[in-house]
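Two complexes come next, and they have one chain in common, subunit A, joined by subunit B in the first and subunit C in the second.
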Partner chain A sequence: MSLRSWLLLAPLLALMTFIIGWPLAKTVAVSFTDAKLLGGDVHWLGLANFQRVLAAPAFYEVVWTTIRFVLISVGAEFLLGLLAALLLDQKFHGRGIVRALMILPWALPTVVNATMWRLIYNPDFGAFNALFTQVGLIDAYRSWLGEPGSALYAICLADVWKNFPLVALIALAALQSVPRELRAAAVIDGAGPWSRFRAVILPYLIGPLTVAVVLRIIEAFKVFDIIWVMTRGGPANSTKTISILVYQQAFSFQQAGLGGSIALIMVLISALLIAGYVTILRKQGELK
Partner chain B sequence: MERQNPWLSFFVHLCALLLALFLLTPILWMLIMSVSTTNDLTTIPLRWMPRHIDFHRYVELLTVAENSAGEAFLASMRNSLAVATMATLGALLVAIPGAWSVSRSPGRQRLALYAVVATYMLPPVALVVPLYFALAALGALNSVFSLAVVYLSILAPFTTWLLKSSFDNIPQEIELAAMIDGARLDQIWRRITLPLAGPALATGGLFAFLLAWDEFFYALLFTADQRAKTLPVAIADLAGGRVSDYGLIATAGVLAAVPPVLIGFFLQKSLIAGLTTGGVKG
Partner chain C sequence: MATLTLQGIKKRYGPVETLKGIDLDLEDGEFLVLLGSSGCGKSTLLNIIAGLIEPSDGDVLIDGQSIVRVHPKNRNIAMVFQSYALYPNMTVARNLGFGLEMRGVAKADRQRAIEKVAAVLQIDHLLDRKPAALSGGQRQRVAIGRAMVRDPKVFLFDEPLSNLDAKLRVEMRTELKKLHQRLGTTIVYVTHDQIEAMTLASRIAIMRDGVVQQFAAPQEIYERPANLYVAEFIGSPGMNFIHGELRRQDGRIGILSKTGAAGASFLPLAAANLAAADAAIEARIDRPVILGIRPETVTLANSSTAAAPHLASFEAQVEVLEPTGADTLGTLRLGADQVTARLRPGDLQQAGGTARFAADMSRASLFDPETGLRIS
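Right, the complex of A and B next:
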């Protein structure tokens, strides 16, 4: 019985060892060397790569940019998602349509989303500039993605637009699992909107909402696609996140060893976040 | 039931309208760009409504002519279809027995599942350098098949996790009854488990397909030309390249979005299970 269940699991475990386990182990090994992308002699460097990375002020700027991206995007997605879910939980005409529309940003491929916003932000003819000039909010066209002061925020808006529906749909499902009798009883007992939210709805909402937010943090932390397509980490490195840095070191500059060591530092941070996520899921009984 | 306050009702409808506008406007604008003339798109003040509707870009991208934008676009769409289909089928092939096994046997198999779930959330940059070395050594870069194998690292764990909870919902008693009647495991699977899990398998497969259709990072690094470039890479090329016809970029975006949006609407009912399993990339 036990043997059979391991045999059934074997193809999956073998595949995972082959395409995740082995590359991960190899990344660890490479990060202690001066390996180049295109081969050549490889020398053992010990911790030199890590020392070099951790001593570079530029590395901390990249980490800070990543943290800002995560905080701004996920924070706004949480807020907007929660509000949209509370709204969609109300009765109104066309609720089914708006709920269906929430699928659109989620289903749009990440690269298409990035491209679409890049067109919208276009400095010469973009809709964003046209709209804000025509209503008088700005007096001249700007390069939203071309200025270090605004590029990260512009990317965050594009990311929030695509990902807040995920948070909203999860929160909405949680809201709709609140028993009707419980809500009705709270109304009869004379509870105001705020105490109804806190005492009746919040206990049902908090678990799924935490899962959604932690999931988004894990994803946002490894962000690459949307930034690569919109700015490639520029202007003046103002949107350069850790994934972009690894890409540049390992593939543009062909420093596989150095890139690997940065990737490894990133893995350690990710592992902490993932451990948090798995712990939450276990506590909620999602992983039995 | 409590009677709605008219002001509250008005406020709710107003918010709903704003939300709908926020969701729709960017996509609507991409659609308008795709059918506007280049002149309309490059005037200041901008023309919001095109003077006449122009479908020539759709024709251009969907017809094959030597060295045209259409040739490259259709090749990348074919590659995307091939990669996503192969990766999805491969993922289901290892995920079905794996998920069933974990669902039916408590114990250490679950720990194996935790490990699988945890590893697939790792950033792809953690795996990409060795994978590149390996594919280069095997002469397997720029191949649709290699890309599909690499995608299994994302799709297989995801599908296993999703299917495991579906198998949990199929009562074990039905399988046990058949086993007592002397049915072999393959008979139980063919006659009972897989038919009952049919809808869940379809859902899992579609989610996996969406993940593969969306993937960009590995595709960017492991493909080089029309033989293997996928749609996201082709679109990123268009957006970052010499193309000055914004409408053409928008058209490519619209066409690439059609299959996943249709699948998304189809999946509406089962979306929550897939979303909490992590069916989205950042």
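Right, the complex of A and C next:
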């Protein structure tokens, strides 16, 4: 790049460095200390915070919970999104309305969605309990969010409901980019539905879907708000993800230094995921 | 090797009738070109033959057998699309063989068929490439190869050359013609390019608003257009239309042009025209008609043209001269109408004056101004 392009970029770079770099630098700095949220003496600890985090079995439990959340949520969002897109790609009456309706969950703010699902799961009058007892799947009302065995799955369901439309939307757009003549050519070539999907549709789906899924993974990995509103990481830490842990350490227990170091570990993992994402994008760019 | 018959094909989209009863009958090995302006229903008709669209009414027969209820893949037709529609993620070889693969042809046989077609189309060196790594002309060949490989009874082409640049288009046109001569397969070819239609077709069906205007050999369509629409559509520069009245003067029947700045001219019909439709012409005397003459049938008059009975001479104002190299287009004023003449370079030195011209009336067409139909 020429000097001029750098100069033109400079104001934005400066702003970005300040907005992103400053808090990041602060987090890095704090993670090597025993800083408390409310101030007081601060001592340099070196890598001690990290050693403490990585040595604690509880940390790995939290990581495992996070991974389960990511796998279940994103996996289901992918499947459901793809199916919904294939369905909405068919011609039927009222397709436009259904397409518009499908976007609604995604347009809801996460906190609203989480609150709504808390009501749905309510152990005394929740719709979920009503439905399941009425169709005979369960005998008595249960506290879906209050039991360690079901809480994470319950949250996943709420998350899937909100986020599968994004995958569906991207998949639908991809489906519609499949040229009509290409589909016709496959019909004339004698390809059945499955061969048509594999030979004609999948090549157009795979790129956008990968991007959608990777984006969702990165996002799901950082999950905080939906869990915080629905369970605060409980019961018995069964829904405690890394973000919740960071928040609890830094703010509930006021251990800014320890929280900072966990946050930093999370940033590193995120960075790896993002590097993967960029690689995928670049590969797709080369293909074109 | 197959005949193709279309009987009363209709297609309705809601209240709109896109095809209004198409009847065409093709002999074995014919090259039919469906020609018409955008939106006239050419692609719809082609897709009906392919089985991608169901007709609202009518029948499609190959070798006398109705195929409207037959699935596209079992119709024994192959189609080449305007966008080529190659499978982007497959190699050229697999693109070529995909139809065979779907029909369960063994790999070795497939391979042989692919190689044969690739050799004919000179794309053997491209077999391992993906479509994205091909030029437009190469993609075109692959698309044609994909159609050829299955050895279908009928080829369908939907504007296959329209995405190529002008030079390549001419080259591929010639190649298509060679290919047809070599394979002898029945072809239905859609285009809105009249040159393509004229050069390729054994017969042309000119369509307008879902109706076939004329179905005939190219030269027949050019020389004897069935109506004003066809006459206008075919030929470049287009046919000249002279508005006037049919009159009997000095014992000869001819067209008296409308009176313009330079007066009116009387153009006697040639014997050929009169004989063809005597009664029809008699009935029209003293009534308005439109005379159609092709630009190349108008020449500069001289001593030899005056003697020829089929040449009608007239005096006209020369408004513009446009040299194109091979010939010079002269814009003349005949009566109230403008006439383009394809003159020899050097016939006239400059525009502005008047000159005498001769029109070959044996190649002229006479139309009814009300119905637009050909009288003779």
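Basically, the second predicted complex is superposed on the first by the 274 of 288 C-alpha atoms of A that agree within 3 Å, B and C clash if a C-alpha of one lies under 4 Å from a C-alpha of the other, contacts with A are read in each partner's own complex, and residues count from 1 in each chain.
Basically, a residue touches a chain if its C-beta (ideal position, glycine included) is under 8 Å from a C-beta of that chain, and two chains touch if they have at least 3 such contacts.
For clarity, every value in this text was computed on a predicted model and none was experimentally measured.
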First, second, both or neither for A:Pro179, with subunit B first and subunit C second: second
Residues of subunit A touched, compared between subunit B and subunit C (which is higher): B
Partner chain(s) touched by A:Val187 [first = subunit B, second = subunit C, both, neither]: both
Touching partner for A:Pro203 - first (subunit B), second (subunit C), both, neither: second
Partner chain in contact with A:Tyr121 - subunit B first, subunit C second, else both or neither: neither
Subunit B versus subunit C as contact partner of A:Lys26, first or second or both or neither: first
Contacts of A:Phe78 with subunit B and subunit C, given as first, second, both or neither: neither
Contacts of A:Ala212 with subunit B and subunit C, given as first, second, both or neither: first
Contact residues common to both interfaces of subunit A (with subunit B and with subunit C): 187, 287-288
Interfacial residue positions of subunit C with respect to subunit A in the complex: 47, 50-52, 72-73, 77-79, 81-83, 85, 87-90, 98-99, 102-103, 132, 146
Complex interface listing, subunit A residues touching subunit C: 179, 181-182, 184-192, 195, 199-200, 203, 287-288
Parts of subunit B lying in touch with subunit A, wherever the complex brings them together: 2, 4, 9, 12-13, 15-16, 19-20, 22-24, 26-27, 29-30, 33, 41-46, 48, 93-95, 97-98, 100-102, 104-105, 107, 109-110, 112-114, 116-134, 149-150, 152-153, 156-157, 160, 168, 185, 210, 213-214, 216-217, 220-221, 231-232, 235-236, 238-240, 246, 249-250, 252-253, 256-257, 260-261, 263-265, 268, 271-272, 275-276, 278, 280-282
Footprint of subunit B on subunit A - complex, ascending: 1-2, 4-6, 8-9, 11-13, 15-16, 19-24, 26-27, 30, 37, 84, 87, 90-95, 97-98, 100-112, 114-120, 122, 124-125, 127, 130, 133-134, 141, 159, 161, 163, 165-166, 169-170, 173, 187, 208, 211-212, 215-216, 218-226, 228-229, 232, 242-243, 246-247, 250-251, 256, 259-260, 263-264, 266-267, 270-271, 274-275, 277-278, 286-288
